[in-house]
Amino acid sequence: MIVMKEEATEAEIGHVVERIEEVGCTAHLSEGELLTVIGAIGDRDRVASLGLEGAPGVDHLVPILKPYKLASAQFRKGERTVVEVDGRRLGGEHFGLIAGPCTVESREQTLEVAHAVNDAGAAMLRGGAYKPRTSPYAFQGLGVEGLRLLQEAKDQTGLPIVTEVMDVRDIPDVVEVADVAQVGARNMQNYTLLTELGRAGLPVLLKRGMQATIDEWLMAAEYIAQRGTLDIVLCERGIRTFETATRNTLDISAVPVAQAASHLPVIVDPSHASGRRDLIVPLSRAAIAVGADGIIVDVHPSPEDALCDGPQALVGHELRELAQAVRTLPPLLGRKSGVSEFGAPVRR
Amino acid sequence: MIVMKEEATEAEIGHVVERIEEVGCTAHLSEGELLTVIGAIGDRDRVASLGLEGAPGVDHLVPILKPYKLASAQFRKGERTVVEVDGRRLGGEHFGLIAGPCTVESREQTLEVAHAVNDAGAAMLRGGAYKPRTSPYAFQGLGVEGLRLLQEAKDQTGLPIVTEVMDVRDIPDVVEVADVAQVGARNMQNYTLLTELGRAGLPVLLKRGMQATIDEWLMAAEYIAQRGTLDIVLCERGIRTFETATRNTLDISAVPVAQAASHLPVIVDPSHASGRRDLIVPLSRAAIAVGADGIIVDVHPSPEDALCDGPQALVGHELRELAQAVRTLPPLLGRKSGVSEFGAPVRR
Amino acid sequence: MIVMKEEATEAEIGHVVERIEEVGCTAHLSEGELLTVIGAIGDRDRVASLGLEGAPGVDHLVPILKPYKLASAQFRKGERTVVEVDGRRLGGEHFGLIAGPCTVESREQTLEVAHAVNDAGAAMLRGGAYKPRTSPYAFQGLGVEGLRLLQEAKDQTGLPIVTEVMDVRDIPDVVEVADVAQVGARNMQNYTLLTELGRAGLPVLLKRGMQATIDEWLMAAEYIAQRGTLDIVLCERGIRTFETATRNTLDISAVPVAQAASHLPVIVDPSHASGRRDLIVPLSRAAIAVGADGIIVDVHPSPEDALCDGPQALVGHELRELAQAVRTLPPLLGRKSGVSEFGAPVRR
Amino acid sequence: MIVMKEEATEAEIGHVVERIEEVGCTAHLSEGELLTVIGAIGDRDRVASLGLEGAPGVDHLVPILKPYKLASAQFRKGERTVVEVDGRRLGGEHFGLIAGPCTVESREQTLEVAHAVNDAGAAMLRGGAYKPRTSPYAFQGLGVEGLRLLQEAKDQTGLPIVTEVMDVRDIPDVVEVADVAQVGARNMQNYTLLTELGRAGLPVLLKRGMQATIDEWLMAAEYIAQRGTLDIVLCERGIRTFETATRNTLDISAVPVAQAASHLPVIVDPSHASGRRDLIVPLSRAAIAVGADGIIVDVHPSPEDALCDGPQALVGHELRELAQAVRTLPPLLGRKSGVSEFGAPVRR
């Protein structure tokens, strides 16, 4: 939809129409009292190639169609995508809790937490072997050794593994251990990484960039989908605003908005959204109540010794409160939660 | 806490210390390897009057104490304020639904909605007689005639009235009808209005400005409290961010954050936060689940004819879904909801 | 422009068309491959009254026309408004420096600063008698006594006075002394105040709200204009963003954007935008270079004793640097600056 | 600086002190009337490893030291870094214009633009061979073929080449042609890329992420610096805010703020900041006037056919106006501009 300036001349209008027809679309004029609006009708990609912004007489362009296809709700005609890993399901009627340490630090910590979250009814174990850190002087993760510890935790608990990948060169190592590859918020528009993960084939958990609109988030999913992977879990983890009382501002509305726009499951990360341990349980409850398909939380046995993101990790009674919320709230909203499906935890 | 520049001289440090002592506070030096930090210890107002920002050698100031007193959680030593109007309670263990038309448009609409929300279990009726509108050409409300219609709705249903006041000169008229005076988001820092409402004596529902930090919101409450009114209900109604999928971004975390910082009840307005009718029920659920003390929603019998804010008004089955959420969720979180307390609606 | 959902039915489309015709507008259909877009053509206010957001089958609405008329560039057919006060002009080819203390504190300070800014080539004197303060415990200004001191400064220097008004009840007092009434950023959407100032007749300096879009700022100007005052000076003073290195983020682009959209002069307040004394001179230079019609800065003889906004006040060599920029840069951009027009300062 | 809660116990305070001493730092207590603040004095990295956020009794932490070292102004004791490429200098007293097409599209376009910008006095040629595009369906750049065309433009004009790199696997190809490697805004926190570019050795132009604070931007520079490359040019290109009149909001204050915090040169990209062709000249003037070390602009001979970012490209008279500004303004601010230094353009 091209909105012409009030003072646009006939020639300028004619030129826009010509350009639209040149790329194989149809032009559709609406002449109002004050100005003329021209619709460009035709193939989405052709419309996208018009390049009429800033052309003589053009005031501004209004995109009408969403720029994503494979990630759109229309693509599956209203059916919801259910991501299934080792019998654990996320999406549609399946609610799931993903929990674990922010960073894999040691064998003892990893196994202790893995068993705790399994007992709490988690559907999957999360844990970072490679960590994106704002400071080059901060601990960057154990790398391959961290992946090995996650493998051991998986062997002991049966929990599928979700872990972040930051570098395309690490994908082969990650694929060997991980069941779901996580793309962090800072890498949401790292198109190289998105493309290679789309090719790798395993499900992807795609965090929303802290500055990304919901449309841009879905475009990032489109990058992955376009290479063949439709098993994508969208994860809202807070956006950056002027408010400093929380580390980021959890955009709780993004959950129903993204669910309406896309067939992909949408989960919430209250730990990174708030950066405050005291908010994790209330925000988790809110996420379940708003209709999220899951939540992903940091759990740590001893927050003061955590090498990263200590303040938002959950311990003891908070994990119990959370497990209780995960057990009771989803069924009220017509969901099956991971807990009831998998029964007693596997312990070896 | 005054952080000095690395290159600050002894004389500059001495000058800061002198200034602190001049206003009657005590200076406390911490000399680090690279720089010196000076604490100013003493009466809050004296510390506030230091005016050392930008002084020679001073890098920046870090405020340590919160600038509000009467609105702070410490002021009531952890006890929660319960605002009570005609036997309806909000805050502490009492959850309440406030509902009604965005704008009072006609007798028929007002009474129809009043009975509908009463049936749905609302604790109070909201409705605007004076409307803040971005455009001077838009409908500005019925004024005194609107207040009269609200009075009639109150007579018929028994519901206390919440209505907005924008002009200090309207306070006498509003006080005659309203049980709770609402301060809109655009007027959150209209200090004249806050001060006069603080004097007027009736409870105040204070909406958060769409650009206001939580601290500034509590400072606005302090303006009211300082004139004698401690019956203040804080209302989160969305903040302005870069995301355009919703009209504003509901800052759901602000609920527990404000509840931790203040003794005042905190409610949520999902209608104005989202501007989307399809989000009101999920966001209301999220608000209850996060622990809000109430929600306030727009209800309109025929949204297409509403003179203002049509898109986010609730009708028919949505109001029923909402009533159901209000009935079932608060008790799960240990709350009494307005519904169970007031039983059958009064109908005349 | 009404964008229908992909799944909108014929009946829903028909209903929208009907509604458009009902309010006296013409409907214009564009049927694309995937969806239908309906243009509503007719009187601006009638289009505004459609209320179709959220109607069945409607996806979203795209406003095409700007909602302001009197403030729009079209209203004066490209001619620029020049605000003239006592022979001092602002707008069009006239650049002006407005300077003075943030707050009027004492006779000595006010007169000292008034003479200093007059010597520096200021076109007008600014100074606050009523101050909007975030904290109710902070100094709120001298009130009427402050106005009296401004009158004395005007008598001595011949500088017209710009001062803020916050309360409609103060307008009569302010009008007696002030040549330009200032609306502060927090009151940009205080419609009561805007309306009464539009009636009062004196020129208005309208600060942009820290959360206001440029369109909302122009709508606020429309409120004033609609009551008869077209002598409005728009003032960009920083918007609120996530960045905390400066108190607000100076939106320098807003100057040419507002100048393209409106015939009103646009000035910049670098003091409040940055909150940092070291940035005032560079930001003032940037404002002049971007084409602003003026700048307004805080000047204070002894920043450490200032009762408000001390850090961003200008003293000594900075005022000289600023005066130099005001003298040399505007002519490079084809402007007359206040300095060259008024020659030697008046001193009595 | 650890701020304890008002209700913190002696034991909790003792525990924090213990923890500080455990990591080899010194604890420094300030006991105020209401609360206690504990300073942790010692090595920056040790302080960073404390992990006390969320510990019992701890209210919040206030970082005092900036987290970057190599990028800080202190590191060079106030001296400015001058990045020199083929005799062209940027930083300190040297102002430079970097111009060229957003995307390298064809031989004809690239050479035509290269000669135009050379004639206009550009210090370097910019052009994208690899393009980060929000949509996977948009043109992604010519890749290696684009690099070859840039080489040809360099051979003909003598202009050093600035080009973006997105994928660590492309670094070897880019290094062969480029004189300066550009990191785009979306990759500002792609730590893998930053690290590998730091190792590659050529100068890096680091764009600020649209959501990044100035501190985070300097931390990203630190990642590069830490691997050995101190020739880094910081580039402000607009941040994301609520304002939609421009594509992003140019944070003009970031220029002097970053220059005060760091020894690195800071330039401005008005093209991407605004997304509007009509704003490039005024914003370029503002950037020069605020003291930027250079500007980088898009130039395109025929914007309507540009495959990407057409609207903000400069043509004809605008390039001449820009060249004029680059010629006249920097000397007023005591700078040498690229034009005067390199004299007549090389044309073959």
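Going in written order, the chains are labelled A, B, C and D, and every chain counts its residues from 1.
Here is the rule we use: contacts are C-beta pairs under 8 Å (C-beta built on N, C-alpha and C of every residue); 3 or more make two chains touch, one makes a residue touch a chain.
Keep in mind that what you see is a predicted model, and the values were worked out from it rather than measured.
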Considering only chains that satisfy the touch condition with subunit A, which of them also satisfy it with subunit B?
C, D
Among the chains, which one keeps its Cα centre farthest from the Cα centre of subunit A?
C
The distance between the C-alpha centres of subunit C and subunit D, rounded to whole Å, is 31
When the centre of a chain is set as the mean of its C-alpha atoms, what distance in Å lies between subunit B and subunit C?
27
So, what's the distance in Å between the C-alpha centres of subunit C and subunit A?
40
Mark out which residues of subunit B touch at least two other chains, giving numbers and ranges.
211, 240-242, 244
Going by the contact rule at the top, pick out the subunit D residues touching subunit C in the complex.
211, 213-215, 239, 241-246, 249-257, 260, 273-274, 278-279, 282-283, 285-291, 328-329, 332-333
Contacting residues of subunit B [partner subunit D, same complex]
1, 3, 6, 28, 30-35, 37, 39, 41-43, 62, 64-65, 74, 240-242, 244
Subunit B partner contacts - residues on subunit C that touch it in the complex
19, 44-45, 48-49, 51-55, 67-68, 132-138, 166-169, 186-187, 189-192, 195, 209-211, 216, 219, 222-223, 226, 240, 276-277, 303-307, 310-313
